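One structure is given here, and the rest of the page talks about it.
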Amino acid sequence: MPIVTVQVTREGTRPDRSSVTAQEKAAIIAGVSQVLLDVLNKPLESTYVVIEEVDLDNWGWGGLPTVHYRAKRALLAS
Amino acid sequence: MPIVTVQVTREGTRPDRSSVTAQEKAAIIAGVSQVLLDVLNKPLESTYVVIEEVDLDNWGWGGLPTVHYRAKRALLAS
Amino acid sequence: MPIVTVQVTREGTRPDRSSVTAQEKAAIIAGVSQVLLDVLNKPLESTYVVIEEVDLDNWGWGGLPTVHYRAKRALLAS
Amino acid sequence: MPIVTVQVTREGTRPDRSSVTAQEKAAIIAGVSQVLLDVLNKPLESTYVVIEEVDLDNWGWGGLPTVHYRAKRALLAS
Amino acid sequence: MPIVTVQVTREGTRPDRSSVTAQEKAAIIAGVSQVLLDVLNKPLESTYVVIEEVDLDNWGWGGLPTVHYRAKRALLAS
Amino acid sequence: MPIVTVQVTREGTRPDRSSVTAQEKAAIIAGVSQVLLDVLNKPLESTYVVIEEVDLDNWGWGGLPTVHYRAKRALLAS
């Protein structure tokens, strides 16, 4: 009876989207549940998946809010 | 000093509600805190309870978003 | 399909025990699952309970490891 | 590669605010990331920080929703 | 920068094993990281995966410790 | 009443250590509790800190168990 918790930033995969779509969420649920079936023989119906979308302000990386850290990395890479 | 985290889908217990009510939340908090007092002698004031309501789209079961999985089960049961 | 996570310090309820007993764990599982059935009508078989025992060194309270904080409070109370 | 999860109630530090500000979040991210660099030599860029703001209704203390518990404590203290 | 937490019971996939093997853990890590790359375009190096193995005593289902619940289900199915 | 969860790999800060020391844990607890006092005025005694040490096998990064990912990065950097 696995529980898989997926935490991602709340943002879209395309410029015209501001969050993960219902279709993408369904694909994540299907995909990680399948991994647990394939690797540990856990039946699909015994796996719970919880997706947590985290506002960009609330996610820190490199000691900074994510948006600032990405800007800094982009600057360093350019 | 226990911490109890309760994750539930964001939906009502009656058709006219779309989420857990404040009264229901208070009853969950009282109930689980009491369990820890009864079983482990943890004083009520040392227990934190955090309730996380998860959108239906964000909860997976049986490799599917919850709503689809429930529909599938209802179909199989009928 | 609720998930209840119960975090407690790894210690016994009596001086001759160093951890939560299997019986106490079963009582916690029964108790919190019952709360969710009573309050939100969640069937027992749809609730997962995960108990996490945390070493005393790894639990902080009042800016101190738990054992130090308890000693400080006992001192203040005496 | 530490992950630090900070759960706080969704409320302001001043009467005119109803939540944690972006600046306060940035200060939390900077502060806890620095602690892990100072104590465990974890490079800033390997630390993720996730801040979870929890509605007051959803946070229990003393067997009560937080607001009720605070009122009770204030009463007892007066 | 996703974080994926996978909670499973500490038990083997074969009678001669008492826990998840290192190889199975590597397969879980590879699999769920790939799902996030495929679905959300998250680069592998930005995904953290944490696997938590939970003792059977500490996992409840159906209001019972897992081992008891499984025995009950097996009995009902027979 | 904040809860801070700190997840780190179970390993030492020096070659002769295989885990985080009690002193380092105390420093983490003191440090992150202080951040919440400084930034959000949360009294020390209302903050819980839980440190979770995760076995290296159980932590994935870059689609690989941590040890393999570090070896790969070291190779690429050399």
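Observations on the model:
Order of writing sets the labels: A, B, C, D, E and F. Residues in every chain begin at 1.
What we mean here is this: a residue touches a chain if its C-beta (ideal position, glycine included) is under 8 Å from a C-beta of that chain, and two chains touch if they have at least 3 such contacts.
These figures come from a predicted structure and were not determined experimentally.
Different-residue interface: subunit A and subunit B share under half of the residue numbers found at their contact.
The interface at A-D recurs elsewhere; of B-F, A-E or B-D, the pair that shares more than half of its residue-numbered contact pairs is B-D.
Distance from the centre of subunit A peaks at C, each centre being the average of the chain's Cα atoms.
Once the centre of each chain is set as its mean CA position, subunit A and subunit F turn out to be 21 Å apart. Centre-to-centre spacing of subunit C and subunit E amounts to 22 Å, using the average Cα coordinate of each chain. Of all residues in subunit C, those touching 2 or more other chains are 1, 3, 7, 28, 34, 48, 50, 59, 61, listed in ascending order. Per the contact rule defined earlier, chains pair up in contact as A-B, A-C, A-D, A-E, B-C, B-D, B-F, C-E, C-F, D-E, D-F, E-F. Residues 1, 3, 48, 50 of subunit A touch subunit C in their complex. Taken in their complex, subunit F has these residues touching subunit C: 22, 25-26, 28-30, 33-34, 37, 44-45, 47-53.
Against subunit A, in their complex, subunit B makes its touches with residues 7, 54, 57-65, 68-69. Against subunit E, the residues of subunit A that register as touching in their complex are 1-9, 13, 20, 24, 27-28, 31-32, 34-36, 38-42, 59, 61, 66.
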